[in-house]
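To start, the structure itself, in structure tokens.
Going in written order, the chains are labelled A, B, C and D, and every chain counts its residues from 1.
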Amino acid sequence: MKSVVMGASGYAGAELLRILAFHPDIDVASAAASSQAGRSVAELYPSLLPHYGEMAFTDVDSVVNNLANGVEAADVVFLALPHGLSQTIVPRIYEKVGLIVDLSADFRLKDIERYRAWYLAEHTAPSYLCKAVYGLPELTRAELKGARLVAAAGCYVTCSTLALLPLVSAELIERDSIIIDAASGVSGAGRSLKHNYLFTEVEENFSAYGLKHHRHTPEIEQNLRAKVLFTPHLLPTNRGILATTYSRPTKKFMDAAGDFEPERIGSEVLLAEMARAYSEEPFVFVTDFPPSIKSTLGSNYAMVYGTYDERTNTVITVSVLDNLVKGASGQAVQCANIALGLPEDTGLGALGLHP
Amino acid sequence: MKSVVMGASGYAGAELLRILAFHPDIDVASAAASSQAGRSVAELYPSLLPHYGEMAFTDVDSVVNNLANGVEAADVVFLALPHGLSQTIVPRIYEKVGLIVDLSADFRLKDIERYRAWYLAEHTAPSYLCKAVYGLPELTRAELKGARLVAAAGCYVTCSTLALLPLVSAELIERDSIIIDAASGVSGAGRSLKHNYLFTEVEENFSAYGLKHHRHTPEIEQNLRAKVLFTPHLLPTNRGILATTYSRPTKKFMDAAGDFEPERIGSEVLLAEMARAYSEEPFVFVTDFPPSIKSTLGSNYAMVYGTYDERTNTVITVSVLDNLVKGASGQAVQCANIALGLPEDTGLGALGLHP
Amino acid sequence: MKSVVMGASGYAGAELLRILAFHPDIDVASAAASSQAGRSVAELYPSLLPHYGEMAFTDVDSVVNNLANGVEAADVVFLALPHGLSQTIVPRIYEKVGLIVDLSADFRLKDIERYRAWYLAEHTAPSYLCKAVYGLPELTRAELKGARLVAAAGCYVTCSTLALLPLVSAELIERDSIIIDAASGVSGAGRSLKHNYLFTEVEENFSAYGLKHHRHTPEIEQNLRAKVLFTPHLLPTNRGILATTYSRPTKKFMDAAGDFEPERIGSEVLLAEMARAYSEEPFVFVTDFPPSIKSTLGSNYAMVYGTYDERTNTVITVSVLDNLVKGASGQAVQCANIALGLPEDTGLGALGLHP
Amino acid sequence: MKSVVMGASGYAGAELLRILAFHPDIDVASAAASSQAGRSVAELYPSLLPHYGEMAFTDVDSVVNNLANGVEAADVVFLALPHGLSQTIVPRIYEKVGLIVDLSADFRLKDIERYRAWYLAEHTAPSYLCKAVYGLPELTRAELKGARLVAAAGCYVTCSTLALLPLVSAELIERDSIIIDAASGVSGAGRSLKHNYLFTEVEENFSAYGLKHHRHTPEIEQNLRAKVLFTPHLLPTNRGILATTYSRPTKKFMDAAGDFEPERIGSEVLLAEMARAYSEEPFVFVTDFPPSIKSTLGSNYAMVYGTYDERTNTVITVSVLDNLVKGASGQAVQCANIALGLPEDTGLGALGLHP
């Protein structure tokens, strides 16, 4: 099948090229990136040289026009563009291409009011919100089959949701007071040219940012149907997201944990529920220790863990993934595989690098 | 004045040597480190060569014997030894030296039961617990004056306490449900030779550890007279601690925040209380943004920040310091300065390195 | 085909497991590691959990005995053991298994005197030196076909040889005065538990080591039939080797470069010769800019570059690769593929991670 | 004394502020930075908050005008401006201020032709070239006394010169074929907003740059009166420069090394000559092992080492310093101290941070 990657010069776009290089069923016909149009892909990303030595970036507008006008065709279009651009492109190509997988936040929130409140802007293609299937296979696999427009889930969102969803679904934790304290490698900010992301500013540093108002908050709340306080931090790493969450156990949890050794039994209940939820999942693994981000470096796997602290009556979870793979481009390919009827793990089996 | 540094081959010990090199009133007469006795200080720490080119490590046992027998004298003895050793040394030299500043946890907890519960061992010198002054000048300055035995506060503890103490003291946050999510650079583990601390295991990594049972928990609780859930994480940095805390506002806070713009006013109330508390403090600065660890790299300063989230009704604080300076050796020198009647900031004025 | 990985708990061994996880023709039947025998592979390397969740490390001695006694069989045995052990194992299993690929230095040097001089020890299995095929496909592909014992080339050696071999072979540079200044990520030292390799010692650091006497020197000299001064440095990275070399141009080179614009023409001559040499190679790419280590991170590719400085009459080359892949485990699999008659790039196509 | 720092928002400028904060004799009256004029110093550099909490950046043009017009006065003006700006400022203020210390390359080269050839531009203030004293105290201390205009030596230049100068001066190495292979932390590029210096591009990376044409080359050649091939590399560290050099021993060296054990004796000759040259120097230390950059992190010290390889008949040196301190701002203050008649090490005694 023939694919187009738009926004191919950004990190998520380049990661799509990396992953698709060895996808047996999806070829990259065009790598569009307006700011780099005409430039060799391998010049910007020498790591892609062995596979994309002959490819140059195309222009996003031209490719969109060609797709809209039927001059070009594509089985799947990946949109890895800056915030807000997908809204302008999707309506133009939706009827012309087989599948659109959008990696931006444009079509993730189902509630237009929530979009307005958190993005401080009017959505310019609201009629497509209901057409878009939210792209988190562990949550929406059934709907993804045959989907035409996928809004792939965000990186922090995926990491947090995978840890907490089994627990809220099983009514083991309360939905009204979840705290998510998370940290991401710098690639989460994309290839943005800002002083904040200079090596000299990030190395040997660690900081909280986006306090109270990070836009992944409503997306997590939508997934969990819960109220969430989300605090991200910037790690001095290239990749990786780790989320540590704190929540209150429910009465149902306390009953299951019992009176004798509630900390031990309660922790087992949490792990058992996670294990049950993910027993058939190809990319989510439950660990019996708090996982670390390096365990998933460069891979599409996520790892989740949970434990109960009796002393403060708190459920703690720790979860990790690679923000550019399971948190972005790997997830987009996984969603595309499902939507296109391919085996879900096609092209995604690589294990994490260590060290 | 003449000082002895015991445990001088560890990172806290070497940091004491670094700081004391330009302390105008305290000289290092001996750097004791059993495992390295006889070896040149500069061989192990070439950074110390310019000042300690002629010094070799001495043997801890010999120096303790000499101090105990009166063969050697010292105005101040810094103990930067592994857990549990200070208990065996303090009783032997307490009457012989002017001042002992212990950087370990041996004399920090006042409640012998708490010590037993968290350290899973009997304290071998319990009668010295009440003699020891807890070494956090911002909390115990008055008692430190003229002290003979100081139990310098722990690194995570200092960082967390400095952020939260003004708020619990002013009754702005509840004491029963404080969550502290913190991260430390690897030097917090000392110079321990464990696979976990190899470069290849830490670089591009981030992980939670010591969940629910980290021994700094009871020390934070002792300082705040509160119940605390504390989760530390390991950062891929040499130095630095950042603590993000979550707590519930009190009725008093809500009254002060008012009904009109509680988020804005409440946040101002927090910063104002912090500013009031630290207005005379030489080493604690209140920032109007979440501080980052690099702002205090290599310095004895701490920075604290607080804000209120109306949506989830949570008070958030962020605080930072260098775990080896304000979190260990700088604090020890600050305590010694106070105990010895010297200006508190003597030898400690250096600003943080950036970048 | 059935393989055994010995030394599977080290970084090269674990990298073999990572690569072989998706090799379609070679299965890992046993991962032997004496110090970890009985322990779960995924406990030590959580990144391997998705594929090796059920596997535990076996014992090296037992596996060797079983192979020697015919109790077990293997089509290929990878030896990723510490220096000196392969010499003791190869004679015992050579006749019993289809192929041995040794990643150590034990069988790389053909000259027993050189081995003695650089390794300061007697070789205990000298009769196998002539049986061993040196494992650098770009140099010894023909001999590798059907080989029974392969001595895979070293990491620094591969990086340096790939840059310089085309130039010495084409007689463009003199063989008597080659300087190689190289740097490696910390995984080059394996999972050694030494203070030197602690995060706190390596991060924000850079140093030269093994001056004049690094054991990769004679191996480079053997490949190039040249005299080489080799100086390695330790980089604060997990992976990656970069070699910058300096050599004297030959008369043949000067003639080719001409009088008019020798710097430009000469540089073109170098790149053209490299391009010619590697035109059919699947894993070596010639770049027209000095390559950086990140371009090959996690991949089996190497990149090489050369240029001529007229002012000082020096040929400079820069080359890079991932020390654990093309410098160790990827190369071992590439050699095995050739020896076993498989397509050479089987299981090795992954592109480098960026960022 | 009253100082002005121009270019105070760059890393060298901020480093001057950091160092001068505790200089007992030089106060910072104004921190000028055109792009940041009006902004709080501590907002850009929170690490400077404890000392510069009240200071805002001033405007370079205004300050220059005020100095030129006599509206403001300054005992010493530090210029830490981008390349080329100092040439336009020095002529305007030279007669008005006590001392100018320029950290740029504008006045370092004495030969106007060399300037033109390497900087590809006409010098706009050539008459000041002879007025400027080159600022490398170990080479030009005598001339620095009472100087009015100092051109502080470059970072790579200082590191390389300190290693090689004693050896060329003593005629132990040949001047016609010196190779310098060096690496620098990212702060050497200043606070430049370029993709190359993003964390995601530098972390886990290492690369050569500026091959054959780096502008520090003629400056090193001027200091050593030698022909030099200089190849810099970019390290994934904040700070630090390490230079490894290769040169040919002279007949004088060979005579001194003798026939019996030339490698051992020759190496001793090198170290002895370095030790002799620096016996009175406060900031240069000779080590008997190859020094690493972390040994000088945040300090004004440099460390140098040399050894002789008999096998390839090559003299090797390794030297290190912190590019922002001894390679820039610390050196500028050292030069100012000398020029102003202060003790040379005033404000510069801090030891390096480890870890």
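Just so we're on the same page, contacts are C-beta pairs under 8 Å (C-beta built on N, C-alpha and C of every residue); 3 or more make two chains touch, one makes a residue touch a chain.
These numbers come from a predicted model, not from an experiment.
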{"item": "Labels of chains that are neighbours to subunit A and to subunit B", "value": "C, D"}
{"item": "Most distant chain from subunit A by Cα centroid", "value": "D"}
{"item": "Chain centre separation in whole Å, for subunit C relative to subunit B (CA means)", "value": "46"}
{"item": "Mean-CA-position distance for subunit D and subunit B (Å)", "value": "36"}
{"item": "Interchain centroid distance [CA atoms averaged], subunit C/subunit D, Å", "value": "38"}
{"item": "Of all residues in subunit D, the ones touching two or more other chains", "value": "11, 186-187, 200-201, 203-204, 236-239, 291-292, 294, 297, 355"}
{"item": "Touching residues (chain side subunit B, partner subunit D) in the complex", "value": "11, 14, 18, 21-22, 45-51, 53, 186-187, 203-204, 238-239, 283, 285, 287, 291-292, 294-299, 301, 303, 349-355"}
{"item": "In the complex, subunit C residues that touch subunit B", "value": "11, 186-187, 191, 193-195, 197-204, 236-238"}
{"item": "Subunit A residues touching subunit B - in the complex, by the definition given at the top", "value": "177, 179, 181, 183, 185, 200-201, 203-209, 211-212, 227-229, 231, 233, 235-240, 242, 244, 246, 263, 290-294, 297, 307, 309, 311-312, 314, 316, 318, 355"}
